[in-house]
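By written order: A, B and C. Residues from 1 in each chain.
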Amino acid sequence: MDFLNAIVALTNFVMIPAVAYGSQLALGALGVTLIYSILRFSNFAHGDTMAFGTMITILVTWAFQSWGIGFGPLPTALLALPFGIMATMALMLVTDRTVYRFYRAQKAKPVVFVMVSLGVMFMMNGLVRFIIGPGDQRFTDGERFIIKARAFKEMTGLSEGLAIKTTQGITVVTAIVVVALLFWFLNKTRTGKSMRAYSDNEDLALLSGINPERVVMYTWLIVATLATIAGVLYGLDKSFKPFTYFQLLLPIFAAAIVGGLGSPQGAIAGGFIIAFSEVTITYAWKKVLGYLMPENMGPDGLVQLLSTDYKFAVSFAILIIVLLFKPTGLFKGKSV
Amino acid sequence: MSEPFLIGDGMTGGYGKGPDILHDCTIAVNPGEIAVIVGPNGAGKSTAMKAVFGMLSLNAGAVRLDGEDITRLSPQDRVVKGMGFVPQTSNIFTSMTVEENLEMGAFIRTDDITETMEQVYELFPILRDKRSQPAGELSGGQRQQVAVGRALMTKPKVLMLDEPTAGVSPIVMDELFDRIIEVARTGLPILMVEQNAKQALEIADKGYVLVQGRNAYSGTGQELLADPEVRKSFLGG
Amino acid sequence: MTDTIKHSLMFAAVALLILLEGLTDWSFFSGSWNSSLVILNMGLISAIMALGVNLQWGFAGLFNVGVMGFTALGGLAVVLTATPPTPGAWSAGGPGIVMAMVMGALTVVAAVTVTRFLPRGGLRALLILLILAVGFVIYRALFDPSVEAIEAINPALEGNIGGLGWPVILSWPVGGLLAAGAAWLIGKTALGLRSDYLAIATLGIAEIVIAVLKNEDWLSRGVKNVVGLPRPVPFEVDLQNDPAYVEWFAGFGLDPVLGSTLYVKLGYAFLFTLVLLILLWMAQMALKSPWGRMMRAIRDNEVAARAMGKNVTKRHLQIFVLGSAICGIAGAMMTTLDGQLTPGTYNPLRFTFLIWVMVIVGGSGNNFGAVLGGFLIWFLWIKVEPMSLELITLLTSGLGENSGLRAHLMENAAHMRLFTMGLILLLVLRFSPRGLIPEK
């Protein structure tokens, strides 16, 4: 019984949050990795792109809520999501046209693109704060839980409860659907294949008549979609705050690099690696160990390896280890 | 004499704003022919072919395809006009399967490509067996076959190969040459730059020997092989 | 017009802006000498930070986005050097913490040694994991009780290890040393990597430094802040109580309160200008020296430099450490100016990316450009808010006093500064990519 309790506690406090967080990171890292493989630079504005898409979704959600439109047990934000995606797509295309295209035509060095993305990051960050303010916004509605801790306890008779939040369920389901669609698109459609071809060998893609501007446009559209979905899922699961989204840049980049920049499979694997490490290392294991160890040998302290505030340090440490031992990442990424 | 199918006529030019590398250089090829550009290192062989393909700007001279002046077109536009080009290096999509490589080759086509793909597989049977393997995992000779196959997928009117046998073993080289002859028999004009001058001239209908960006000798492959001057200077006696 | 005159005029223009801030309250100027001096002092510090980043980026092409971390280490140095020691703290926890640190270092050294000398494989990985795990347990066993002991001492005011009680000016070079040490560690691991990896690595280290400052209460009191740091200049109150000074201020027609604040700020301005001039002189000498020429040669063509037998990684490490040290000095100066260390206020947009805007706008590769950029961008950073308020007032004047949109716009006008900084950066990168004062 104690063993079961330990498993349930582990699932409840470590597995489920880590899977949800990992899905969110994976979607974010996919966006970073796609930009890297097609446009060949590290986009520092990605966190703020996520914030922008989420902000639009929140505004539309509020409008829907004030009109009395809901989505039953599911959060209204899911109805508003397409609007957020479309607005972000428009923003990405405008940014590309007014900013990035100039440097593409010049064949500027990647580091110039990174600088430029810093400028875009500032502007988007300012824009988001200007419109919605710097504070915390909650926009989750609908049913809170799929399984409630108490119901689980009554059902199983265990002393440890298991709760699955609706947002966690939605995150995982959405992530699976989005990733499946993305891989189908990249591997089966003509446009998707042309994107992979362009990423693989730009000159040869040109010789084959692939239009780079079209490839770039599709990339931004996909990135806008991924970023908005990732941002909205994160916001539903936790809460929306512009600065938090900016800070997500670090774990997202860590995930993309650990997996191998430029490799979509790597981005997903990296997302989960980072999420699981962050959660397990900053989790207080007292409860789980208490169940597993004999009565009088349970631990006194929290048995927390690092305090939660050091979660950046975890992403970072993993990043450094991978870079030192396998610089191209776990799945062979590109190195430009 | 009627105008050749593809001709780079009196080409003079170099890369960007740099000095001229080609000086009044003329290269031409007709249907059913294999034309080979040979010459010592640094003679501008590859440059001459790139000039024909539009990868450097000409200060003088013209490129005509089937009577049409294409001197001002970009390489991409020349692909649309029917020129197939196989670069010397990075000429395949390494992370994509053989079949995807061929599909990408046919990207500009909107019609059914299965027939052309079938023809490529018949020409290079090994590719059919490896169709779903990433092209980057193939051997050097097989990769060259993928590269040529990719270029053939556009149903080009002329095929240009930049040192197709660079870095492959002599046995593979012979096989590649056999394949190239087979392609030429279908009536497709082939223009090729070769390092292995002797073997290349043996299969060439037309040969151009370039020296310092100028036409030094030209004639049929056999004529050049028989020319004592050419033999002495370039073919090692 | 020669370049020298043009560039001097640019400096004069920025100086004029700062003067106008004191002279007139027209438009977005406040007409307060106090505010003018505040801008000047932070402008001086910003210029020094920009010098440090320019050293790394302009001289060597190193992409360091961890400026915030080095700045914060400088701030920590002030606490550790200049505050009086906390009675009993060292005896309570000092030895434990030192031993824990030594243990941690030994663990890392042991792990690295094993990595170096054992062949790749499962055994090595297992051994490394074992060393790290055992090391970590011992480290925590030594560390945790000492920390608890220190934090238990007078938690309302102290609860940290305290400092050495040295004069606060000394903490500036100490801040540089602290930052240099951290930079050396990062450089050792990350400098061989590609530029974007270095960027991510430095971004991460900066966040970790801030996390340490926020959480290690025994060190810097965490988010409880350290206030009342010693100052290198007199306190305003003391001046106001000194009749001699009061009389002196009256001579300028100043009341004692205003007079004393201006006097103190001018004192800081004098000290900061001194530091800036010294560092600028050193940076100029470095730029012109063979060492500086080699740095730029490496930046422009790393492969060629390597082929000529230059040890590129070693040179990069040198300049990375030097540039970070300058950021550390500036960070210590800033904390001294503030009189307090508030880890919660460090924000990468303000402390890292804004410095980058300064360097790019001023002119990367040119020390004077970086200094000019530091002053100009800092002025704008402060003044964009009133500017955009004016603009919004003008644009929404038709909306009426009670318009909700107007209220919202007014309320959020402060965030326009990020937007404007981004816009300036993009415009400069596009139309004048070499900056206001380009590299020669």
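Note that in this section contacts are C-beta pairs under 8 Å (C-beta built on N, C-alpha and C of every residue); 3 or more make two chains touch, one makes a residue touch a chain.
This structure is a prediction, so every number in the text was calculated from the model and none was measured.
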Just list the two chains that share the greatest number of C-beta contact pairs.
-> A-C
Report the chain whose mean Cα position is at the greatest distance from that of chain B.
-> C
What chain is most central when centres are computed from CA atoms?
-> A
Separation of chain B from chain C, taking each centre as the mean of its C-alpha atoms, in whole Å = 58
Distance from the mean Cα position of chain C to that of chain A, given in whole angstrom | 30
Between chain A and chain B, centroid-to-centroid distance (C-alpha), Å = 47
Hunt down the residues of chain A that sit against at least two other chains at once, touch-wise.
-> none
Tell me, which parts of chain A touch chain C in their complex?
-> 41-42, 99, 102, 110-112, 114-116, 118-127, 129-131, 133-134, 243, 246-247, 249-250, 253-254, 257, 261, 301, 305, 307, 309-310, 312-313, 315-316, 319-320, 323-324, 327, 335-336
Parts of chain A lying in touch with chain B, wherever the complex brings them together | 190, 193-194, 196-197, 200-201, 203-210
The chain C residues in contact with chain A across the complex are 61, 63, 136, 144, 189-190, 193-197, 199-201, 203-205, 207-208, 211, 214-215, 347-349, 353, 356-357, 360, 411-413, 415-423, 425-426, 429-430, 433
Chain A partner contacts - residues on chain B that touch it in the complex = 75-76, 79-80, 85, 87, 90-96, 100, 103-105, 107-108, 150, 154
